[in-house]
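One chain, subunit A, links the two complexes that follow: it is found with subunit B in the first and with subunit C in the second.
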Partner chain A sequence: MGKLTIGVFSSLVGGTTLDFSVRLAKAAKDKGHDVYFWTSGNATMLSKTGQRAFKDYSYLAKICEELAGQGVEFVACEACAEARGYHKEDTFSVFKRHSMDWYLAKCCQSDKILHIGGE
Partner chain B sequence: MARKLKQLYLVQRPPIKSENTKLAFTHSMASQTAEIYLEDGEEVIPTLAMVGDGVYNVVTGQQLMKHYGLNSNENHAQMALLIDLKVLVCKEDLEARGISADRLADGSALGADMTIEVVPFSEIQKEIESHDQILCF
Partner chain C sequence: MKLGVILSEAVRTEETYDRLQAEKLSVVLAGNGIYHAVSKNNGKASDVLNKNADFYVLTEDLESRGFTASDLVDSKIKPIGFDGLVDLIMDQHDKFMWL
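Presenting the complex of A and B:
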């Protein structure tokens, strides 16, 4: 099976690009691929702990927990998160934080990369 | 397996209005430290290409530091040149906006040897074809 890196730059709230990206990660994982999930810019909102489910807003914490349990690696851009006031202690448990070089390295080591832009 | 990955950062949007274009610069420059996560023989080689309104990112005289205390994409372009990244700008898109080549960012004051290359879109198309990955910003 292959290695897939998904890089996402869109916010959790305000659109459904992150919803699509996470479900894409699930589809790839369900097929048996290794999946690396990079969030940068506004997408680091997904790494914030304490997300609450409402019917009018995207809620992806539960599916992220399930995917992490299956081996999907979720990483947030540390600088992008810190700039937004999301500090280490605010980070959702399934997320690691790295600098952008981690993403570039995963791009190099993956069979496919899906770079999904932001607003 | 050893791999030299060629990434093209295709920047189509103007600066300031969104964060995306800044992320094109910062992500491409992160290639300098990606080796800490890479195996022996692996390398990431980025190229930046400005097309459409993306050409505004490398116009000189940006005043973001003066007005907002923030680094401009002109500053980021200078840094990219300083670390020897290839920065291309589409000739036709510059001309369409009335921007002359002498108004483009220059990294020489920082000690950069590289300069921004103004090239026809046909050259950028060749870059698109020759790179392994295209990342659009």
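Presenting the complex of A and C:
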């Protein structure tokens, strides 16, 4: 089994890119791979606490919780989050916050990287 | 190099795709990129499909937009799920990129 780092730099909660990224993380984990999940820019919205589930609306927080329980590491760019007013106390419990050094280190340690830029 | 690319936009705003060359190239149509697999313009399929590559379309994104495999405009496009995409990324290509 391998190590996959997914870096998501775009998309807000409700956007298709974050949906894609989390579903890919789940599929990779289900196949037994180690998965590291980095969010930067607007994608740090996924690290915001208090997300609510609505019918027919994307609710990734639950999947993130399940994946974190299986060992997937979720990390938000601290500066990107702070810049958007998402402070430490606003951070969803499964997320850690680090500088981009963390992402660089995981990229170097991983077998494969999928860097999703944009915007 | 074995290179994979995920094309996620229906309307392309980049020229990177046109310049891509690889020993083996695979193109995965995902998100709104699936429209390249199901749409024709004036009877002509998307130029994206002209590339010398293996083509895949993400079934979940195809079906969430109301299409099925029977709507694909070219038989060379293979439907895959996320598990298939993971195999393409982890086992069958050296690098994968997102456009």
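Here is the rule we go by: the second predicted complex is superposed on the first by the 113 of 119 C-alpha atoms of A that agree within 3 Å, B and C clash if a C-alpha of one lies under 4 Å from a C-alpha of the other, contacts with A are read in each partner's own complex, and residues count from 1 in each chain.
Following the convention adopted for this analysis, contacts are C-beta pairs under 8 Å (C-beta built on N, C-alpha and C of every residue); 3 or more make two chains touch, one makes a residue touch a chain.
In this text the structure is predicted, and so the values were computed from the model without any measurement.
Overlay on subunit A: subunit B and subunit C fit together in the combined arrangement.
Residue contacts after overlaying the shared chain place A:T16 against subunit C, while subunit B stays out of touching range.
Once chain A of one complex is fitted onto chain A of the other, the partner contacts of A:D30 are limited to subunit C, with no touch recorded for subunit B. Superposing both complexes on chain A places the Cα centres of subunit B and subunit C at an angle of 70° as seen from the Cα centre of subunit A, in steps of 10.
By the touch criterion defined above, A:H115 lies against subunit B and subunit C together after alignment on the C-alpha atoms of chain A. Of the two partner chains, subunit B is the only one that A:N42 touches; subunit C does not reach it.
Using the contact criterion defined above for the overlaid structures, shared-chain residue A:L4 touches subunit C, although it does not reach subunit B.
In the overlay built on the shared chain, the residue A:D101 is in contact with subunit B alone; subunit C does not reach it. After superposing the two complexes on their shared chain, the closest approach between C-alpha atoms of subunit B and subunit C is 7 Å. Touching of subunit A by both subunit B and subunit C, each in its own complex, is seen for residues 115, 117-118. Of all the residues in subunit B, the ones that touch subunit A in their complex are 3, 5, 7, 18-20, 23, 26-27, 30-39, 42-44, 46, 133, 135-137. Of all residues in subunit A, those touching subunit C in their complex are 2, 4, 16-17, 20, 23-24, 26-28, 30-31, 33, 111-112, 114-118. Those residues of subunit C whose C-beta lies close enough to touch subunit A in the complex are 6, 8, 30-32, 60-61, 81-83, 85-87, 89-90, 95-98.
Considering their complex, residues 7, 9, 40-42, 79-80, 99-109, 113, 115, 117-119 of subunit A touch subunit B.
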